[in-house]
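Both complexes below contain subunit A, partnered by subunit B and then by subunit C.
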Partner chain A sequence: MLRYEMIVIGAGPAGLSAATEAARSGMQVVVFDENARPGGQLFKQIHKFFGSREHQARTRGFRIGENLLKEAEEAGVKVVLNAAALGIYKNKEIAVSFGGATRGYRADCIVIATGASENMMSFKGWTLPGVMGAGAAQTLMNIQGVRPGGRILMVGSGNVGLVVSFQLLQAGCQVEAIVDAAPRVGGYGVHASKLSRTGVPFYMSHTVVEAKGSDRVESAVIAAVDERFRPVAGTEREIGADTVCIAVGLSPMGQLADNAGCEMSYLPAKGGYVPTVSEFGETSIPGIYCAGDAAGIEEASSAMIQGKICAAAACNSFGYINDEEFRERAEAYGLSLSKLRAGMFAPQNKGRTDISHTAEGYPLSGSLLQRGYISQDEIEAFPAARPGSGKGLRPVIECTQNIPCDPCQDACAQGCISVGGDITGLPTVDGDRKCTGCCMCVAACSGQAIFLVDEDCGNGSGLIGLPYEFLPLPEPGALGLALDRSGNALCGAEVVEVRKSAAMDRTAVLMMKVPAGMACAARFFRPADGRQACRGR
Partner chain B sequence: MQRTIRTRPTLPFSPEGDDGLIVCRCEEITKGEIRRAVYDGMRSMNEVKRYLRAGMGLCQGQTCQRLVQGILSRELGLPLGETGRIRGRVPARPVILEDFGMSDGDSEGV
Partner chain C sequence: MRIHEHPIIEDFKKGREIGFTLDGSPMRGYEGESVAAALKASGVTTHRYTSKLNSPRGIFCAIGRCTDCVMVIDGKPNVRTCMTPLAEGMSVQTQHGLTPRKEG
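For the complex of A and B:
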């Protein structure tokens, strides 16, 4: 039986980060993953990530995965794919099935980084073809290159539901509606806003009650729910859809920890049953660690840090790093983790509905939480979202919730934008600095929440620079409609310029001309020829 | 360690409109069958699993475990976390018996 100093199960962000950290300190490490591709969830994530530079913010998820894999290989980690871990036995023996056989390995320490599985919900017709997990839809489009359907009903308004909805639009699907039984949008407001302005309606306090169709989904029935989440008779509404995507949460996959005999507990804040772990991720069995979504549903950014923390602890207990080195690393990683675990969406605030103001004291947008977009009068409460009075283009930042994110601050070479040391702070605009209109902040913003606005560019027109990630890109001179934050048509618009560059990493900026007075409300462009992925109402 | 709380339903079994809904897709177990099982004395996820095979199919409960826990929680008036869970067992993934039998030997360099 082959022996490794460290065996990592799962090549997602948590597993790969743990493996690299341990191998760099001298441990001999192997990673097993049952998938054909390493990177775990990251390989499906085509959007730009949140966080700070140290968390690889503004990099698209799959690129972070590629970087992690490269780092692991450079550090001497062996990554074995198509290899499913079947069980963990006494004395840290692991059975792994690959290449037509099951093989036993012995480890000095084990890192369980198996991620999570999608929660399902049962309703009439849920077993019809066309009902699927949002993660499954994402795998279909982003890995297999298959469009999951034409007309989508998304159930769940957490970040997964919102991110996948946007990607469905990008793939050319119509998202007919997003429903959620909760009264407030669960994910980031910036994710909801970029869907709303294309015309996707949100139905909060609603659920899906039936998928109709003879041998596949042909429509879906939604209904309002009461405060105990029971459908209210008489509120049913039928929505034409061929696909119902379920995004109602994830459950940690702790089965291997359970099977190894680790103490497990049910923690709703972590998403379900998880192994009880120390602050360094060690389970009740010394030498068996658990990191990432398997230890509690969080984010890729925090999964990476958790992986490093438990690897550092393992290195310390096997003498690869001394106590002082370990203390230093643990402190640095702990600090990095605490930056992510802050703000109104932090794990400890999960399910809270009593947060009414930002940390800066601005009233949160109720419309954003209930309808998915900020109303005109609410947005005016945020100084960074006011275009200011000066001439020329100015950044207008419609980022109104305390989320852990700051790429906008790094993007502006002129120093116009600052978030401050606490990355959950709202970005502010320094009106005394000269904005050159370079568009870098618009392209860098992971939430697509920054616009450039010139309320009066002459000849009775206003100019707006807006982030645009749909194909085909409109040509300069393209005519169409300007849509407001809710996706309603506002006025005629002309695209006068399309900015793109390598540094903008595929987020184009459309310079859109509208009649003067409309620049403060127009936030999206719909081409007149309709040749565009998204739909309007 | 797993704690199984033995409580009983407070009301007698009464059929519901959606009892025919399939909950465990792999083993085709309906909501009504699971509700009945609770009244037959099954008080935890593992008991329902052994009694009905819900959660014993190809996906090993990855899809239905939460749903069954939800039904148990509602019928027994227990918080979700007190309905028990499917014990993690070997093999954690479906595996062809021939592959499972073949052990060690050529380790393909890993």
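For the complex of A and C:
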């Protein structure tokens, strides 16, 4: 039986980070993944990540994945693909299946980093072709380059539902609506806002009750739900759609830990049934660790740190690093992790509905939570979102919830934007600093929540710089409509300039001219020539 | 249904274009992409019909977990098309229960 010092199960961000950390310290490591490609969820994530520079914020997920793979390779980690771990037995023996054959391995220590599985829900017609998991839609469009459908109904408004909806628009699909049985949007407000402004409607306190069609989905019926999430008769509404995407949550995949005999418990804050772990990710069986989504649903950024922490602990217990080195690493990783686990969306706040104000004391936008966009009068409560009184372009930041994120602060060389030491703080704008209009903050913002605004650029016009990640990219001179935060047409608009550069990493900035007085409400551009790059409804 | 131009993804890294058959009819796809993706790109949504109720099934998870997408590939039934790379000349058949669809 082949023996390794460390066997990692799962080559996602948690597993690869654990393997790299251990291999760098001298351990002999192998990673098994059942998939044909390494990287776990990361290669499907094409958006810029949140967090801070140390967490690779503002880098797109798939690039983080590429970096991780390169690091693992350089550290001498062996990654074996198409290899599913079937079970963990006594004495840390692992059965791994390759195609038909099963082989046994032995390890000194094991890291379980198997990630999560998508939750499903059933309703009339849910087995029809065209009903699929949001992850399936992502795999088809972002890995295989094939549209999952033409007209999509998204079920679920958590970050997964929101991010996948936006990616569907980018792939050229139409998102007809987002429904969620909860009364409030579950994911980040900035993710919801970037959908709303393109015209995607949100139906909160609604669910899908039926997918209709003979051989495939031809339409979907949605209905309002009561406080106990039961559909209310008479509220049904039929939506033309060929695809229904389900994004109703993820569950940790802790089966391997369970059948190994690790102590398990059901923890709602972690998303389900998970092994009980120490602060270093060690389960109740010494030498078996669990990291990433398998230990509790979080994010890739935290999964990577958790992977490193358990690898450092394993290296320490096998003498590859001394106690002092371990303490130092554990402290640094712990600090980095605690920064991500803060703010109103932190795991410990999961399910809370009593948060009504930001940490700074501003009232949260109810419209954002109930409809997916901030109303004009609510936005005015946020100082950073008020256009400055001076002449010229100014950053207007519509980031109104305490999320762990600060790339905007790093992006501005002029020091106009500051988030402060606590990365969940709302960004503020220093009106005394001169904004050069360079657009870097607009392109860097992971939530696409920053606009440049000049309320009066002369001749009765106002100018707005807005982030744009769709094709075709309008040409300067393109005429069309300016849409407001809810996606409603507001006024005529002209694109006067399109900014893009390598540093902006494929987020273009459209400079859009609108009649004066509209600059504080216009937030998206829809070309008039019919070649609508992206469309909500 | 293929994405020819994408605002973020530069290149989907496809293999060469090849031919395969679906229930005997010629189809085109790219070598190495999943059989499921090649079918989706051609607008095929039904992969199989269940044995008892004869109800259609298609792609559901796309990562090999649900078995909704199984078809008869090169004569072998119950092959997960979302996990199977497309190869030149492959014979793909709609699955009826556990067997290929009868012709005619």
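Methods note: the second predicted complex is superposed on the first by the 532 of 537 C-alpha atoms of A that agree within 3 Å, B and C clash if a C-alpha of one lies under 4 Å from a C-alpha of the other, contacts with A are read in each partner's own complex, and residues count from 1 in each chain.
We take it that a residue touches a chain if its C-beta (ideal position, glycine included) is under 8 Å from a C-beta of that chain, and two chains touch if they have at least 3 such contacts.
The model shown is predicted, which means the values in this text are computed figures rather than measured ones.
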item	value
When subunit B and subunit C are modelled together on subunit A, clash or fit	fit
Contacts of A:Met518 with subunit B and subunit C, given as first, second, both or neither	neither
Partner chain in contact with A:Glu469 - subunit B first, subunit C second, else both or neither	second
Partner chain(s) touched by A:Val175 [first = subunit B, second = subunit C, both, neither]	neither
Which of subunit B and subunit C A:Gly145 touches, first, second, both or neither	second
First, second, both or neither for A:Cys399, with subunit B first and subunit C second	neither
Which of subunit B and subunit C A:Gly104 touches, first, second, both or neither	first
Spatial angle subunit C-subunit A-subunit B, Cα centroids [nearest 10 degrees]	60
Partner chain(s) touched by A:Lys78 [first = subunit B, second = subunit C, both, neither]	first
Subunit B versus subunit C as contact partner of A:Gly135, first or second or both or neither	second
Which superposed partner A:Cys245 touches (first subunit B, second subunit C, both, neither)	neither
Overlay on shared chain A, then closest C-alpha pair between subunit B and subunit C (Å)	5
Subunit B/subunit C common contact set on subunit A	34, 117, 127
Sites on subunit B touched by subunit A in the complex	1-2, 18, 21-23, 25, 31, 60, 62-67, 80-82, 85, 87-93, 95, 98-108, 110
Touch list for subunit A against partner subunit B, complex	1-2, 30, 34, 78, 80, 84-87, 89, 95, 97-104, 117, 119-124, 126-127, 251, 253-259, 263-264, 266-268, 272-273
Touching residues (chain side subunit A, partner subunit C) in the complex	34-36, 46, 60, 62, 117-118, 127-133, 135-137, 139-148, 150, 170-172, 215-216, 469-471, 473, 506
Residues of subunit C that touch subunit A when the two form their complex	1-3, 5-9, 12, 14, 33-34, 36-37, 40-41, 45-47, 55-65, 68, 82-83, 85
